[in-house]
Amino acid sequence: MEIIQTGVTDVQEHCCSSLDERKSHHSSKTKAALTARLNRIEGQVRGIKGLIEKDTYCDDVLNQIAAVQSALNGVGKLLLTEHLKSCVVERIQDGEVEVIEELLKTMNTLMK
Amino acid sequence: MEIIQTGVTDVQEHCCSSLDERKSHHSSKTKAALTARLNRIEGQVRGIKGLIEKDTYCDDVLNQIAAVQSALNGVGKLLLTEHLKSCVVERIQDGEVEVIEELLKTMNTLMK
Amino acid sequence: MEIIQTGVTDVQEHCCSSLDERKSHHSSKTKAALTARLNRIEGQVRGIKGLIEKDTYCDDVLNQIAAVQSALNGVGKLLLTEHLKSCVVERIQDGEVEVIEELLKTMNTLMK
Amino acid sequence: MEIIQTGVTDVQEHCCSSLDERKSHHSSKTKAALTARLNRIEGQVRGIKGLIEKDTYCDDVLNQIAAVQSALNGVGKLLLTEHLKSCVVERIQDGEVEVIEELLKTMNTLMK
């Protein structure tokens, strides 16, 4: 999974935390970009189901699965980049260095 | 991506090729297993869209994305295992060694 | 590559930067752990050369290569964990948020 | 890890098996290519030890580790390609389809 430096962030994203639940505040632009990508992925997954139903040659289906993996990686990268630039920086600046442990754990899960 | 040795194959899968288009013939059991997994993935992707819409904390969303990546890897593994055990073996036994080049290319794409 | 939460850091690692060149100051314990792992990897690589020289069956050699990959991932994880906990936190707290771009770039390279 | 289609194979590699031990017979050209790459990797690992000893900034060391990972992946790919084209094809043609289980297991290990 490759983390890309994106220029998608415009309005300063920020991540506020209240006593009960931590929230993130992506710009509408980032939210729209993430949602559009996920819509496409949803369609691709449905497409793969159709290929399998029609006994499409395995190799062709495997390449479609690789395409969805790549698209999903793209969503993960975009979100991790936004997270690093907003939540992680803010929480470190607020003295909450335990965010690093959280980050390490999530990076582990993403990179399996 | 981890290739698992599955015992899902029961009725001998086989992959027949006609002059115009190569097809694969998974057992109904394998097709049902693949379709069930893909249905779940489709639902997970929809779920992630909902999380983003509700400004869920990035770290939680990232972990959901990792879960879908893992599920998708599972589908890829299952299909690659069936492909190796049927199409690839058959085509090599029929003297079509060029299937190895096709396999290398697809493994490349899957492992990016 | 999996990032492990290690308890290796004892004495507070810190990363100081002077005008000309950025340095890191691992504890002697961390430096010894990294060096010991790298010594083992060096020996494993030499071992693989010997296997190839003796026409060892490819599958056995491939498994040795996977072992070295895993060991090397371990070194990368250990170092990235120390880096996040020291340099990255310090530089963010000093207002140098550009360290995030550097981190994203390096994570990209490591995860190819 | 990306499996590349290499043109390195010239003289037909083949993989013979005797009752006691399975051997592979790479061409001298393939053996020289593998050994040269491993020599370079060994040198790179020694280089990284030196960087750590001199307290080189973590990010620079991490990028060196990524370079060795990439070089090691290259060796793995080259060997897996040769293995598929020789041992795997031969054993399938000899009716030893259990080589597929061995291949799946090794691909699993390599792709962790």
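Per-chain residue numbering starts at 1, and chain names A, B, C and D are given in the order in which the chains are listed.
In the analysis below, a residue touches a chain if its C-beta (ideal position, glycine included) is under 8 Å from a C-beta of that chain, and two chains touch if they have at least 3 such contacts.
Note that the structure is a prediction, hence the values are computed from the model and not measured.
Chemist: Could you figure out which pair among A-C, C-D or B-D mirrors the A-B interface, over half of its contact pairs being identical by residue number?
Modeler: Most of the contact pairs in A-B are shared with C-D.
Chemist: How many angstrom lie between the centres of chain A and chain D, each centre taken as the mean Cα position?
Modeler: About 32 Å, centre to centre.
Chemist: Could you tell me the distance, in whole angstrom, between the mean C-alpha positions of chain B and chain D?
Modeler: 25
Chemist: If you average the Cα atoms of chain C and of chain D to get two centres, how far apart are those centres in Å?
Modeler: Measuring from centre to centre gives 21 Å for this pair.
Chemist: Quick one: which residues in chain C touch 2 or more of the other chains?
Modeler: Residues 103, 112 of chain C touch two or more partner chains.
Chemist: Chains as vertices, touching pairs as edges: which of line, ring, star, complete or other describes this one?
Modeler: Graph shape here is a ring: one loop, exactly two partners per chain.
Chemist: For the complex, give me every residue of chain D touching chain B.
Modeler: Where chain D meets chain B, its residues are 1-5, 81, 84-85, 88-89, 92-93, 97, 100-101, 103-105, 107-108, 111-112.
Chemist: Quick one: which bits of chain C touch chain D in the complex? Just the residue numbers, please.
Modeler: So the residues of chain C touching chain D come out as 15, 21-26, 31, 34-35, 38-39, 41-42, 45-46, 48-49, 52-53, 55-59, 61-63, 65-66, 68-70, 72-73, 75-76, 79-80, 82-83, 86-87, 102-103, 106, 109-110, 112.
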